[in-house]
Amino acid sequence: MAAVLGHNQYGKAENRVVRVFRGRDPHELVDYNVSVALSGGQEAAHLTGDNSAVLPTDTQKNTVYALATEDDAVAQPESFGIRLARHFVDTTEPITWARVKLDMYPWSRLGDSPHAFARDGGHVRTATVTYDGSATRVVSGVRDLVLLKTTGSEFWGYLEDRFTTLQPTTDRILATALVAQWLHTSEAVDWGRSHDTVLAALTGVFAGHHSLALQHTLYEMGSAVLAGQPEIAEIRFSAPNKHHFAYDLARFGLENDNEVFHADDRPYGLIEATVRGDDAPDPAGAFDPGQGW
Amino acid sequence: MAAVLGHNQYGKAENRVVRVFRGRDPHELVDYNVSVALSGGQEAAHLTGDNSAVLPTDTQKNTVYALATEDDAVAQPESFGIRLARHFVDTTEPITWARVKLDMYPWSRLGDSPHAFARDGGHVRTATVTYDGSATRVVSGVRDLVLLKTTGSEFWGYLEDRFTTLQPTTDRILATALVAQWLHTSEAVDWGRSHDTVLAALTGVFAGHHSLALQHTLYEMGSAVLAGQPEIAEIRFSAPNKHHFAYDLARFGLENDNEVFHADDRPYGLIEATVRGDDAPDPAGAFDPGQGW
Amino acid sequence: MAAVLGHNQYGKAENRVVRVFRGRDPHELVDYNVSVALSGGQEAAHLTGDNSAVLPTDTQKNTVYALATEDDAVAQPESFGIRLARHFVDTTEPITWARVKLDMYPWSRLGDSPHAFARDGGHVRTATVTYDGSATRVVSGVRDLVLLKTTGSEFWGYLEDRFTTLQPTTDRILATALVAQWLHTSEAVDWGRSHDTVLAALTGVFAGHHSLALQHTLYEMGSAVLAGQPEIAEIRFSAPNKHHFAYDLARFGLENDNEVFHADDRPYGLIEATVRGDDAPDPAGAFDPGQGW
Amino acid sequence: MAAVLGHNQYGKAENRVVRVFRGRDPHELVDYNVSVALSGGQEAAHLTGDNSAVLPTDTQKNTVYALATEDDAVAQPESFGIRLARHFVDTTEPITWARVKLDMYPWSRLGDSPHAFARDGGHVRTATVTYDGSATRVVSGVRDLVLLKTTGSEFWGYLEDRFTTLQPTTDRILATALVAQWLHTSEAVDWGRSHDTVLAALTGVFAGHHSLALQHTLYEMGSAVLAGQPEIAEIRFSAPNKHHFAYDLARFGLENDNEVFHADDRPYGLIEATVRGDDAPDPAGAFDPGQGW
């Protein structure tokens, strides 16, 4: 057996780019964490340390900041990812594949100030763009979307075995810190509007759906997203079941009718599911495997 | 020289209590991280392991969850802290001093749902209540309040020495993740309304003030808070100067008129200041020393 | 287009199990973070909320702690993962696939104490075991292995483009926080000894190899691991290039011959590579995709 | 009531300095996180934005890296802190007070390599140096020292009240992630040797002492440190009681004689104690208030 080089990729991770649009009144800004990964032609660097096909990660960093000057590209995480991924593959001879992952941190204007903002901590918008010289795959997403409902959630009728001690319930708190990623089949998308529409579908189902299991809720969320935007081929969820345990106060002669809870840290359930169109294309490595799967 | 026991305190830290008000329509909830510390009469436990004056931290935990059933107490972090601190000192013989620290995580209702919520990640509301059997000291606060302004901030005219390389600027991004704590002189306070008023003063000054230094801005913020609520005796700030460096794009023939920034992590400036009324009482250990100082 | 359920899995994540061997003199212990994921027969739970094929994650938790009583299984992360994965698939009717991921936190005995330990923070040992009812795939690994060499590392001769500003160097600090995972082709392995052998190979190459690029070093590390243990089919690395920048002290008339460095946080290079035997089998989903890829 | 400026301080926090001693064979290195805070003469900066007495935090950063060239100063965290604190106060007119806090990350040589190292993750060594133009106060410390004993720990005989549910025990796991800080009365100290001696005393008592409460163990640790090094005036501990709960396996017909534990996250006990010489001087603000108190 001889050792050979398998899949490899390299890039500059976590470039923290803030772009201000000072020409606009009031000012606007976008705030990104951009990670680049490239592949193609890197055998010599690995085998002999010949770096002649290596575009240094330092150069990739400079490129990210330089292309952030382009107003149209930088305005949305998906368009900025597309711009960067194509730049690297199309202009750098040995590079045949690029993936750009972006986190976008939302900010809110402070009152009617023309230039002051507060960071919205509620969730992070994400994008993963993959380009191989011909096909561009765009995945949008969200993470750290923390949702909770105080009722409207049951869990019973499950398998029992020797190690079962859980009591069935017809009323519990359901809470999660949702990670979701969805694959587009088109680039002719208003990325901001599409993102808002998906978010509204996810939170609308979470609030309105009567849940018999977190799995049940995720599937309903995914179906609503696909129904609302047919160009979305597939959506993947990774949803921790953030357990809220009703505290046993009967020991102290106190009633606790699902009012006082301990929010536990670990362990937690982790429910992961895909909902896809029955004619959806093979996603072929478009999703970020680090986000939950 | 003989060894003696100095200051000591003990308690249960980070009780994660979620209290739902199911009797209300729509449902409401409060979400706390509660830490208790007690002192008094603990010499024997330290010197000989005689625990007869020790109220176990497990019992303290049970107490936190039990008193969370009391609607009036639990509704605000300050009132819950007062209720708990007095309970421990007033009902437990050897205990002479209690401090209760609370983080409160804000949630927003999802649309008009009667029972579904999304966590607001924007900032955490805090309270520190200290009680010694007679005086109760109440400190309210906020942390992780991330603010940024894209202009309206200068920094120049500073001391120079052998190691000075910084260039003066008349236009820079100013950004911070503010920690603030303020001491009340009264308990006859509508805690929720008072908190909102302080927050509005802090963010209003940040947005509207023309800043010549972060120190300058903090002092103005503090003055505004004291002017607006005379019962507040003193406010303390711990404010990282979250540096945003304009990226040097001239090397690539590109203009960067304060539009493309690198948001740096470390090191960062850390500006800490107190603003107090000229007749304010000695705060005497009321502030949480772990929050910035 | 109709919505259909795609890949799904669920389980209890981050069970923090500490197992003490009290019957041994001196005492021994293992300290794990165990995450279980199961698949098979979960359509009804998603589509209609019928949970009759769901083994609750609470039951999975109980099982993890119950099987931790078995001395032989629990002693090594790989053997505990195998025991658990097979248990779930082989004893639970609808379950057809299980993945068990384990972190193992190393501890050192305090002196010659029979029962006191200090946690070694140096790195975390990992294992990922996947079982589908017939094949068992065992991947061992390490993460947070922070390595640094003060010389013996060059980087030059790379591609240049419009955005290149990096200066070539023939002497730099090389540092990384290594994540590595390797796939076994056998279960007849002394897991503890094998792990130590891999670690010695990785650190030995890192120390002794003259590096022309981090890619160059990773490939050499991987080759050494495969050469030393032919039953290892493939090894994957995810290696941040933790940049240490020589601080420009010439501005102050001070010399800095690669002695004073700023350890930067972000962005960082991220170098990822696979080294495999030329006749290695398809790893077929054996690797944990969340560890770097 | 008029607003006035109270205590204020400012500085550059978290300068990540790595200093390599390349002139030595084999190479040596120290790895610090250095935070500087200065006070004195800052009224105008706060009240009017007049920065003429402000030494910019950027200049402070340059100073930290510049003085890291001095071999004797940089070798130990205490000596580096002394060097920096005195530099700022003694050479900068308005500055009258300086505090320098340092984290030191330990590294181990890889085998007998002359230039390769692995980071020891076990604990962080700390120092806090405060200087007011005349007195220099040096506090050494450690944090994240994670210790566990599998037996030799009891807890019983405590106060009981209405909310007591804890069962007394004569055998439990005792575990903590120790934070300790101790104040020196001399600078004529071999800092490295002194640190090793304290660490040996702390871990030796933890291992050998039969504990009736974590308070009991902390006091014994502190007494041992003071007995061993009379120049140490006072030591402060902040010790989370990291609960390990024996898992209830009797429900499954399995025995669990203190062998299988769940390591819980939150809440946790937090035990804080001071041990001091009966003739020790007033520590007068020498301790870092952010480390546990």
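Should a chain be cited, it is by its letter among A, B, C and D, assigned in written order, with residues numbered from 1 in that chain.
Quick note on the criterion: a residue touches a chain if its C-beta (ideal position, glycine included) is under 8 Å from a C-beta of that chain, and two chains touch if they have at least 3 such contacts.
A quick note: this is a predicted structure, and the numbers were derived from the prediction, not measured.
Trainee: Compute the centre of every chain as the mean of its C-alpha atoms, then state which one is farthest from the centre of chain A.
Mentor: D
Trainee: Count the C-beta pairs in contact for C-D and for B-C, then report the pair with the higher count.
Mentor: C-D
Trainee: Indicate the whole-number Å distance between the mean C-alpha point of chain A and the mean C-alpha point of chain C.
Mentor: Here the centre of chain C sits 23 Å away from the centre of chain A.
Trainee: Need the CA-centroid distance for the pair chain C / chain D, whole Å please.
Mentor: Centres of chain C and chain D (C-alpha means) sit 30 Å apart.
Trainee: On a C-alpha centroid basis, what's the spacing between chain B and chain C, in Å?
Mentor: The separation of the two C-alpha centroids amounts to 38 Å.
Trainee: Give me the residues of chain A that touch two or more other chains.
Mentor: Within chain A, the residues that touch at least two other chains are 15-16, 62, 66, 163, 165, 251-252, 265-266.
Trainee: Given the complex with chain A, which residues does chain D contribute to the contact?
Mentor: Residue list for chain D touching chain A: 162-163, 165, 251-252, 265-266.
Trainee: Along chain D, where are the residues that touch chain C in the complex?
Mentor: Touching chain C: residues 15-22, 27, 29, 31, 62, 65-66, 68-69, 107, 110-111, 113, 115-123, 144-152, 173, 203-204, 206-208, 244, 247, 249, 251-252, 254-265 of chain D.
Trainee: In their complex, what parts of chain A are in touch with chain C?
Mentor: 1-16, 35, 37, 42, 45-59, 61-63, 66, 91-94, 155-161, 163-166, 211-213, 215-216, 218-219, 222-223, 226-227, 230, 234, 236, 240-241, 266-280, 289-290, 292-293
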